[in-house]
Amino acid sequence: MAMLDVAGLDAGYGDLQILSDVDLEVEQDEYVVIVGPNGAGKSTAMKSVFGLTTYMGGAVEFNGEDITGLSPDEIIHKGIGYVPQTENVFPSLTVQENLEMGAYILDEVPEAALQDVFDQFPILRDRRDQKAGSMSGGQQQMVAMGRALMLDPDLLLLDEPSAGLAPDLVDEMFDHVDAINDAGTAVLVVEQNAKEALRRCDRGYVLVQGGNRYVDTGDALLHDEEVRQQFLGG
Amino acid sequence: IGDEEEVDEGGPDVLNIIGYPESGIQIFRDYYSNFDDGTDIIVPDGLQDADLPGEVGNDMDNVLGTAPASEGPNEAAFEELYEDEFDSSPGVFNSHTFDAVAVCILANIAAGDNDGEAIRDQMRRVANPGGDEYGPGELEEAAEAAADGDEISYQGASSGVNFDEVGDPADAGYDVWEFGDDGTETIDTIAFEGDDPDGDMADDSPGGTDREVMVSMLLPETGDLGELGSPMIQAGELAADQFEGTSFEIDLAIEDTETDEDTTLSNGGALIDAGYPAIIGAASSGNSVPLVGETSSANVVQCSPASTALSLSEVRDDGYFFRTAPSDLLQGQVMAEVAADRLGGETAGTLYVNNDYGQQLSEQFIDSFVGDQGGEELNTVSFEAEQGSYTGELESALAE
Amino acid sequence: MSDTSTDIQSTETGTAADTAGTSSDAPTDADAVAPSTADRTGEIELAVDGLVKRFGGITAVDGASFEVEAGSITGLIGPNGAGKSTTFHCITGIHQPDAGTVAFQGQDITGIAPYQCADYGLVRTFQIAREMANMTVLENLMLPAKHQQGEALWRSVMPLARREVEEQERELLERVWDTLEFFEIEHIAEEKAGTLSGGQRKLLEMARALMTEPEMLLLDEPFAGVNPTLEQKLLEHIHELRADGYTFLIVEHDMDLIMEHCEHVIVMHQGSVLAEGVPGQVTSNEQVIEAYLGGEV
Amino acid sequence: MSSTVNADRRTQLESLWEHDAIKIIAVISAIYIVYALIGLILGYSLDGIVNTLRRMTYLIAVYGMVTLALNLHWGYTGLFNIGVAGFMAIGLYVTMILAKPADPGGAAQYAGLGLPMPIAIIGGVVAAGLAGLVVALPALRLRADYFAITTIAFAEIVRLGVTSDALQQFTILGAELGTGGGRGLIRNYDDPMNVIFQLEIFSSFVDLTNSLFGFGPTQARALAYSIVLVIVLAGIYWLIQRTSRSPFGRVLKAIREDEEAAQSLGKDTNMFKIKVFVLGCALMGLAGILWRFRRTGVTPEAFRPHVTFYIWIALIIGGAGSNTGSILGSGLFVAVLFEGPQYLRRVIDQLVAIGDAPNTFAGAVAPLLSANPVPLVRYTFAEFLTLQFVIMGVALILLMQRRPDGLLGHREETAAAIPLGVRPSAAGGGSGGGGGSGSGGGFTHGQTRDQHDDSDQRTDGGIDADAADAQTDSLQSDISDSSDTNGTSKTSDTTAQSDDSATDGETL
Amino acid sequence: MIAVGIGVVLLVGDLVLGVLDGSYSISRIGRYVTEGVLYGLIMGLAGIGLSMTYSILNFANFAHGDTITAGAFIGWGGTYLIAGWGAASLGHLALVGPQRGVGGPQLGISITSTPVAIFAGLLLAGVGTALFAVLIDRLAYKPMRGAGGIPLLITSIGVAFALRYLITFVYSSQSRGTTASVPSADLLLVDGYVSLDAHDGTLIAAAVVLMLGVHLMLQRTKLGKAMRAMSDNKDLALVTGIPTERVIRWTWMIGGGLAGSAGYLMVLWTGTIDWQFGWLLLLLIFAAVILGGIGSIYGAIVGGLVIGISMHMSMIWLPGGDFTTITAFLMMILVLLIRPSGLFGGKTTA
């Protein structure tokens, strides 16, 4: 039984159906990547897991429990964290406050977790009192990541975490994800930096036109000629 | 906030406050809590509201008022009628409303038709001198005479009810009143001989019996003047009731102005559309003025029982606008006289509501106080209705 | 008159461009030479000198100076927060620089309004796409074209002038459809831009910038979030456009891309230029490796 | 009766409904019919009914004008103007001051300049536009919500200003003028409609209305005036329709969406904003003039903020962004919300006898304890005028909850002088979808370029007939291509990606 | 901007000179300032709620004024019931004397004679309005959560209409007096006196306590931060795990509670109540909040005081009530010209 089990999911926005019959599975401790063309519905799939789209059919189960219809804070309670693709920081809150918000459902700010985040992203420690909105695009991405880590979730959903990061940070970020994954958190990542992501992951999905086209191990996908040509830029 | 000595030393002898009860409560509260130094205050009809002392929480015995009087030849008869019916004494403009309704019905009977133009031409024929005189208690007889086509002269509760050339009452009386234990008490009455009754009217009246007579009232039941309007409406209904014994069936429609221009126009329009050839209203001058355009262009007689603004004498009405309430041209003189003679004031300050009524009445008062009475006007201050506090305005009006 | 409208004139009915020519005064004699001649290569298209921009206590750009050659594809790289986007903001008039100058084709354009900047032929895209969410993709693309007669209120209203406006609109629309096809987004032509996916927005953003018929494009991370296959295609197009005489200044974090496609690279760090040169040089520069690339390369 | 016929008929009806003119005519006719029926129930005579409809027309026309102007501000440009009443006031006051005779004539009068009516109207419109400019210059820099509050503050400043003593009477360049302060201004100039009524044709109009409805000459004038207003309304509709369906309108829309981005694309957005704000304000001024300048008098009371809110309600009912909606919204606002409750009350009053109401709410509610709802019903009816506004408010709330885009649904018109959906060169060849590998010829510069499609020969990179043909060719081949590839999902030639995205649009 | 500076200098100069040469009496200025402060405190108090809903729910709430009125009626109904028990029918008392007659002056209601009734009323106004605001949210705004600021603003106009006229439906449209007169203290100020009565004092004390309370509440709890997070980005707040509905409920409770208290205190201070005083106050509150900078509670307080004081000070140069409101709006526009996001704008301090 997979930890996250999405089966035959149909979902969309209002009347508009985007996903049809999508299957996704993430096992305990697994590292899963979703790639695919722009507009394929990758972000939509992630949002659907988090209950942010219009549910149209199928099942989303987490640890064997149906989580469709739950509110995001309930889902967070269940142990899923999520970093959206865009607009993912609170611009008028300081960096530290942004991070604290990540642990809102706890009574106290977990100081240890905060320090962990600062250790992973030292620039955030230096800029802890700067308004997140005035940080550069890449810095904001770190804030968003850090915030999702504050609760030490069982499953972390990351929507294009490396977009806009400098190369060293891209590597670092992938390392972070690896580290997070190694520490026992399953991750589900949407990436356009597909090659790198597929190289590192356990399994990959290729999502096209709202349905999943390919599932395989990362390496297999990397070496599939069609996938390379169509989705990985050759 | 206030300082008795200072105001005592330099402020005006008399303070004239022109407004409506809705703001009046607040103004007097602010006055009594911050400036109460015994300065004499004079107010006009707009503040003649029996509830005022109770709401202000003061017996207001430094206040003296003026108001168009029920100074008609048949004032007493009307008062009796009113008290019988409603168990209370009539308030301000009640007699004027009674007269307005009575005259419009009589003119309608004389015209022989629910036709505005014909009624307009009969208004002076039933009201102005000439023919037998009838009072408020004799409306049945008056109706019969009018139905016969006789020229009659209605003698009203508020005045002789004679219209001058522009449709204003030709003569007027003013009460001087004060707040007493229950309500307001008239302490004196000043009569004015105005212009001669005059103006165009029909040469004869078709008359006729056994028909429906349509007349309507458009007066405030709510809004700034809601307080004053409700008893006025009662008085108007009382007038219509007087025709019960005749062969005429009186169709009296009543609509609310809400003391608001839009509502006045739209409810007035509906009355016109429904075919009412005469509308008694509105109360506030600011509402009456735009209504004149609607009534006159639809050939409907409009007779206001309470709008006293000067401008209504000059508005373009094709002769369709009448009123039983006198123009403030006169009330200003009365107030000035009261301020100077009765209160012995040499200096005055004026605080007025910035609308049609307040503005014009204050001008008349000042003209007369300075011109006729030789007094000095120290401060003239206008105010907006319904403010949270009037301390600043009072401060300015009472300044040296 | 700018080269671009000359282009319309020669290819289309001509009436539109005739009248359009009078409405803009910004471009100067310098651009009478159409970039299509391509021999402006080597001239300096954009020169930034000593640019400084402060936000409160933070100096985002700290004396950056660099030049961009006409007809080149130049990369602007640097760590997150180095001041790249802010430099773009200062060049294009979104922000007023605190010091320094910006010259475009020899003209001082320091501190001009953003719309003037675009008039000169210098157009930028935003790092975070700024689509007109409630307008359709088509409307989004119809918007930017220069010298639209119908932007004068009276012309849109007066019947006679209106006919010309419509004529020009038809020509423009044709161009818009070409662009849609170029970016392979014609299937979403009538969608509201706000409903597009992240990557589609990026495409729209670039398409829209091209619709202004610029001479130089400043692209702020144009490929972040764009699918690699499409990215490849776009790069091909960028090369074609470059061959046509466009100049590109691209902020990008993808080093492979920079290495492969830029002939010149500028590295910013802490608000100023740390190094520049051909890609190979730059990537082997110690400081650059330390500040930006990490141990990796 | 087969259901397909029904369905056919329905689609026919629906397609009819698509036409804006039909929509407007249908809704306005419905309003007329309902009000004529109400008139019949209330026992109005023919002239009473016609007069009722005339008043409706007048109100719908004036509300329609202002709503259209507001739609230009808000619906198209995103300028949140809640100072509408102020601009109307300026238009009206200036016109009246210009038109009033120079000789005050009478104790309660203020002098004007005695100018001919057309000039006075132009003066008023220009003044309202200038006021718009004065507000726009500083205020357009502010963020949207601050801008809104600034406009309502401006409207209040205007209202309180004309009310104040200070402007009651003033002298400009030796001319004595005045706003009349709180008493306002009396119309002591000739009926502005004289300009028209002097025409010969009007006497036959008078005869006509007299014989049809038994109208007198003044009623005929009022009727004619309503017709004039409808014509002006149509003119404004046309003007704004043109404005919005044009490149100008497109920039306005872009400003509404993201002003900074529009600037970066070379649009001098401030200029556009100022122009459109001034234009809208001038139209509001015009509407303010036409609304009231024939009235016997005007007081500043008429310009309290609720007038602005009424206009907003009308705009919302119809749906912001749609000119047709603005007119329909005005019609429905006037007929249902503004006048409707009053007529409903009259009809109820006519049909059932309702006894005396208790004085207070407590008196009305207390009997409920003993299960007697009659006093409450009576009280409710007695307070009907009050409830009208409650109804207005609740209607607005429900509308926003259920149909936030207005009754017509979201009907934003495309901001272009021509329809966009169809590619001009491909017109007739179906819609412009497909064709994944077209060239970017529009922004190439005089070079022969080689795209994926070798048949695409362009000598000058622009669009000429040849190229267009080629375009159509490639389009067709592509369509067949994609139907091929669609079946076999795993193709790997370079066009597959684009085919995917092309079909994307269809499947979703 | 320079012109503004010159204007300010001229006015201040004139004031100083006027005071020196005795043409402006100091005590008069003192009275204006006192009056302005009292007025400003009410606007500030009510403005906090407006500012909060403005920034968290992202819309300008045009029904806030009528919430103030509703709160005042609710609270004063309580005060009447307690102070006047037995003196009139329950309905009459609970409805704050809809047809006049027996009312505050007759019942002798004041802070000195019936303090319990006053405090109970104030409490009722605060709590009652807080719940009432949540109820309105449930009915009107909740079904359209996620809609933009403008649809909500327009909805609030609907709420404002409905609420205002429901108030007259229930409580009648008469204005009436609510308090008996109370003792006052005269403070000597050079050339005259400034007097404050017991109700003025109550207003100041209650307003300061309430403002402090809110300040502490927002500083000490993470609610404050959550509110700011929500005002930044509601969707993100949601996925971050902030229970947005609960935060919204708190926002309405605090905002409504303050509005109700402000309304109650306003009535205590002026001594009259009528159906539209809150609405008439609303635009001034908007001016105060914007002048102070939306989203900042200090902004609202300072804005209220600035507006209140400048309105009254304007009467030194422009006697009478014609220009007070105009002054308030001009002040707001001036500040916006110099600081386009208000005095405290950009510094969110909640």
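Order of writing sets the labels: A, B, C, D and E. Residues in every chain begin at 1.
One rule holds in what follows: a residue touches a chain if its C-beta (ideal position, glycine included) is under 8 Å from a C-beta of that chain, and two chains touch if they have at least 3 such contacts.
Keep in mind the model is a prediction, meaning the values are calculated, not measured.
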item: Farthest-lying chain, centroid of Cα atoms versus that of chain D; value: A
item: Identifier of the chain whose CA centre is least distant from the whole-structure CA centre; value: D
item: Chain pair showing more contacts of the two, C-D and A-C; value: C-D
item: Cα-centroid distance, chain A relative to chain D, in whole angstrom; value: 46
item: Mean-CA-position distance for chain C and chain A (Å); value: 31
item: Computed distance of Cα centres, chain E from chain B, in Å; value: 38
item: Inter-chain centre distance, chain B versus chain C - centres from mean C-alpha coordinates, in Å; value: 75
item: Two or more partner chains touched - positions in chain E; value: 168, 173, 320, 322, 325
item: Multi-chain contact sites of chain A, meaning residues that touch two or more partners; value: 16, 37, 39, 87, 229-230
item: Per-residue multi-chain contacts in chain C, two or more chains; value: 188, 229-230
item: Contacting residues of chain B [partner chain D, same complex]; value: 117, 221-222, 256, 258, 260-263, 266-267, 269-270, 272-275, 285-286, 289-293, 296-299, 309-311, 313-318, 329, 353-356, 358-360, 380, 382, 384
item: Chain E residues touching chain D - in the complex, by the definition given at the top; value: 54, 60, 89-92, 94-95, 98-99, 139-140, 143-144, 147, 149-152, 154-155, 157-166, 168-173, 283, 286-287, 290, 294, 320, 322-323, 325-326, 329-330, 332-333, 336-337, 340-342
item: Chain E-facing residues of chain D, complex; value: 80, 138-139, 141-143, 145-146, 148-150, 152-154, 156-157, 160-161, 163-166, 305, 309, 312-313, 316, 359-363, 365-366, 383, 386-390, 392-397, 399-401, 404
item: Residues of chain D defined as touching chain B within the complex; value: 39, 42-45, 48-49, 51-52, 55, 105-109, 160, 163-165, 168, 181-184, 186-188, 216, 218-219, 221-222, 294-299, 301-302, 338-339, 342-343, 346, 385-386
item: Chain E - residues contacting chain A, complex; value: 222, 225-226, 228-229, 231-233, 235-243, 348
